[in-house]
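Letters A, B, C and D mark the chains as written, and numbering starts fresh at 1 in each.
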Amino acid sequence: MFNGIITPMVTPLQSDNLSLDIANTNKLINHIISGGVHGLFILGTTGEATSLSYKTRIQLINEACNIVNNRIPVFVGISDTTIEESVHLAEIAKEAGAKAVVAAPPFYYGLGQIELYKYYCRLADQLPLPLFLYNMPSHTKINIEIDTVLKLAQHDNIIGLKDSSANIVYYQKLCYLLKNIDNFSLLVGPEEVTSQTVIMGGHGGVNGGSNMFPKLYVQLYKATLARDFERVHELQSLVMEVSTKIYNLGSFGSSYLKGMKAGLFTLNLIEHNIAPPFDCFDEKEMTAIATNIKALKSKIDSALS
Amino acid sequence: MFNGIITPMVTPLQSDNLSLDIANTNKLINHIISGGVHGLFILGTTGEATSLSYKTRIQLINEACNIVNNRIPVFVGISDTTIEESVHLAEIAKEAGAKAVVAAPPFYYGLGQIELYKYYCRLADQLPLPLFLYNMPSHTKINIEIDTVLKLAQHDNIIGLKDSSANIVYYQKLCYLLKNIDNFSLLVGPEEVTSQTVIMGGHGGVNGGSNMFPKLYVQLYKATLARDFERVHELQSLVMEVSTKIYNLGSFGSSYLKGMKAGLFTLNLIEHNIAPPFDCFDEKEMTAIATNIKALKSKIDSALS
Amino acid sequence: MFNGIITPMVTPLQSDNLSLDIANTNKLINHIISGGVHGLFILGTTGEATSLSYKTRIQLINEACNIVNNRIPVFVGISDTTIEESVHLAEIAKEAGAKAVVAAPPFYYGLGQIELYKYYCRLADQLPLPLFLYNMPSHTKINIEIDTVLKLAQHDNIIGLKDSSANIVYYQKLCYLLKNIDNFSLLVGPEEVTSQTVIMGGHGGVNGGSNMFPKLYVQLYKATLARDFERVHELQSLVMEVSTKIYNLGSFGSSYLKGMKAGLFTLNLIEHNIAPPFDCFDEKEMTAIATNIKALKSKIDSALS
Amino acid sequence: MFNGIITPMVTPLQSDNLSLDIANTNKLINHIISGGVHGLFILGTTGEATSLSYKTRIQLINEACNIVNNRIPVFVGISDTTIEESVHLAEIAKEAGAKAVVAAPPFYYGLGQIELYKYYCRLADQLPLPLFLYNMPSHTKINIEIDTVLKLAQHDNIIGLKDSSANIVYYQKLCYLLKNIDNFSLLVGPEEVTSQTVIMGGHGGVNGGSNMFPKLYVQLYKATLARDFERVHELQSLVMEVSTKIYNLGSFGSSYLKGMKAGLFTLNLIEHNIAPPFDCFDEKEMTAIATNIKALKSKIDSALS
């Protein structure tokens, strides 16, 4: 049963925007772990998994597991449209020492809920590691409906759900309906609401911002568990500042990813490279991010000291 | 500044499914007020406003304000595609003694955010009562984006937002960005999450279930304000039981409204009539609702006694 | 059985953007009829029906029928969220001498297909005039699915469908599946494709551009019936020029309506007023429209002479 | 410049639902070519490309090009979320003797039009074969807007567009706006409307049904070019019968693909296997397909004899 703050790691890339930057992968992972997070999730949406070649994905699995070296559990994204490729990635993850895999619904064809249920059963049956469902309707075009989650939660090899729908009624109903099911973790995607969902009965959050400021999200989680609402309020304000000042520039849905990579570059944790179909922010946006992140870092350091 | 639990009242109809049932309107309003709610919202989505003739809408405004007789504030829905009709309803509401009006975006044509902003300004300029914005993208096809809300919150005659999007990141950002703006109320639509949004800094909820069980929602709100999380947990479970056992039958999006009216009929508060384009639940669904509501009523009475 | 080109008339408004401009209504109707169109459709989407007060809608029905004076059939839009208001408008239309009414699905609540089917039956049962279904999913959020159309086509008082979905597979299937049903007219919404759909077996089109250039659309229709493809090609190019040079300015979905009203103003057929939630084009866009429309008028006059 | 009927080939699979069935690939390709089609498109949506492992995709490219042996041009789908994998597939296609490649927009992340434009330029720059754009918004979540197509049509290595949006106004505008651009082919996806779009100025269609009945679609295309509308009408009716009796069973969007594979199995052209996330039709649906396809085959044989 997984609880706490899990970092959906960005993938540090070289200047060809394709190849893994191993040195910075090492630096970033150690930075994240030093902040006390409870798990590392590689090859998720924040990790640009679907934009990376299989060769790079496999390399990242091996390098990351090696660097982490069992200090914290590693989760590996295997979302794909091809079941064979998902299973293959899971086998590599297993061998490298990862603890679980994470799969969004196949995202090319439109599916019905029954088709989705059967697909997940078939996938989970074949996987050598336990599976987290990953609800991401804005990207996959399908919501894993509540009844489907409830049925899949009965599968021995399905151990949780990461919900990135931002639909709070959906999440609240799942907390309520799954409360008597042991060994099923409910993790929330949007980092802005981890605290609230933990109060609801959720088990933690997958917080992109913890690539940059891992301690902030861990401390917010701990303050929430302790019901220290003054501290929650103080830290939540900083989380909202990250959200509104780093992720909201630019004109497209990609502003989150571009802002995150620009922020990590400013913090000297990665090079400023991003895989197609995206391009990095240009100079004007970069300047804004740099200004914002420096001010934020100083505030956050001061709040956490 | 409005806080607390506001009941979006269902509209009791006669057996022609068109005409106002005044006797039950009286009975229902007194039932709701006896539960201690902080406001009454007539002619909203739960009130089937857009399905009622203007004659019936006007009659309801007058009767409801008369029955309430200033015991609690009355809010009147004026959502329409025609600005003149919205203004006309607001004038009647003002004369009848209502405290504010509530308007969703015009819902036939697709609008851009700038068009929406101008529309709301033009509407608010003409209204004789303060205006609540009503974000309901599933019905209106448009989300009132955060930047638009922030700009509209500067208008003297716009005093709040009811958000029924169920998007928690949107709500959390609004709580954060509006926290220094006085006299702007943030109310949440889905009743399943009032407690969590109040912890975030929201000001209350528009809770359909308080037509049936007003005390339950009021007590949950009060327990939340008191940070009595044991009590919150106990009452939230009952709220979730209402949500999953009364609103989730039937095959369509209309299950919420049909379940609510069936529940109120079982509780002997209204006749079992609904306006086109809907029909009441049939006997099979009705039997399930009746069974569920009786069990629920007994649990809720016991928890609140 | 209706065939041919029907003009979805814009509503000429006074400078308050609310009141009917009767003088220009007279001028516009006579202009349209002089072009040889086969019917006049008032209070449709192009007619801003949902933005007009009921008083104005009723006034337009009476004035338009009076001006037309049975020279061509008049169709009246009764789309509404309230069945009583739809029926009331139909009664006025009947008395004024209109030949049929047109109703899109109720557009506030989301409906299931069975709910939609029942709604249309209930509506058609009550109407004093025959009914055209109006498929407009971009505005109503619901597609009238093929099976639903086939069932509704059995209703004695439902005589046709106007399809504005732009989905050609849908239209082609309807042409095929309805080909043996007498007395059911299939009319297409987007004016860019009337010719193609008539070749498919459709019965005509509801062509917004025929407010400006009625002869152009009528001649294209006649050339299509005559299978004079050289002429079709020549006239279709002009139709496409109207589409790309008049309807595509501005940033929003409203560019069609705004461009049409700006074009009609340039042609001296109406004043430049539009009902909320929209505003007229500003000067820059207006100048572009004026230039384009003058060049177009000269080309069209020359092609039709 | 490509014209005519192109078959988007289904991928014959072995009973593991994963591996290529080479014997039936050979049989199917020869069947298709014998019908006179003008091109073969492998690894498209109908070909389940995104459900197949890269190993299987590469095997199919090599086998298909070898079997076709330059009798007709082969087009290879390279749609992917990873640009490197797309380029790699294109290199294999080039070496195998394919004539062009086809790519839908990357389909995981949501993109803006500018991002999409840049992506296609970057892809086309790297490809060793000319590129067809593939508009498939229902699957990719993004429409390649008209302005984006016009800009991309300037790229030397982009030679056409396959449009599967079913939006006829979009297609009509493209025909009109691209009419003076040489060497750019406009092909339509839905087979129900190839004839109409060719009359509009389109260059042909990608017709799934030509896996089963290649001659039917070729003859319809030729009758359209000859403006033999009596023959067009006769053959179009048969095309519509395929569409409504083979592709419309079952409850999901997958009914097209499942119906096609069931039909081909009945015609003894492939085994009845389909890749996850789908399952084949069950016995009840299979029986219906078998009955329908036999009746259809007899009608089609008779019409073409």
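FYI, a contact is a pair of C-beta atoms (placed from the backbone, for glycine too) under 8 Å apart; a residue touches a chain by one contact, two chains touch by 3 or more.
Owing to the predicted nature of the structure, the values given are computational and were not obtained by experimental measurement.
Student: Would the interface of chain A with chain B count as same or different, where same needs over half of all numbers used to appear in both copies?
Tutor: The interface is built from the same residue numbers on each side, given that over half of them are used by both copies.
Student: Please work out the Cα centroid separation of chain A and chain B, and write it as a whole number of Å.
Tutor: Taking the average C-alpha coordinate of chain A and of chain B, the gap between them is 35 Å.
Student: As a quick test, compute the distance in whole Å between the mean CA positions of chain B and chain D.
Tutor: Each chain reduced to its C-alpha mean, chain B and chain D end up 49 Å apart.
Student: Which chain A residues touch at least two other chains?
Tutor: none
Student: Please classify the inter-chain touch graph. Allowed labels: line, ring, star, complete, other.
Tutor: Basically the chains close up into a ring.
Student: Output every touching chain pair, sorted by label.
Tutor: A-B, A-D, B-C, C-D
Student: Taking the complex as given, what residues does chain A use to touch chain D?
Tutor: It comes out as residues 18, 45, 50-54, 81-85, 105-112, 115-116, 118-119, 122-123, 138-139, 141, 251-254, 257, 275-279.
Student: Contact residues on chain C for chain D in the complex?
Tutor: Interface residues on the chain C side: 166-173, 176-177, 190, 192-193, 196-197, 199-200, 227, 229, 236-237, 240, 243-244.
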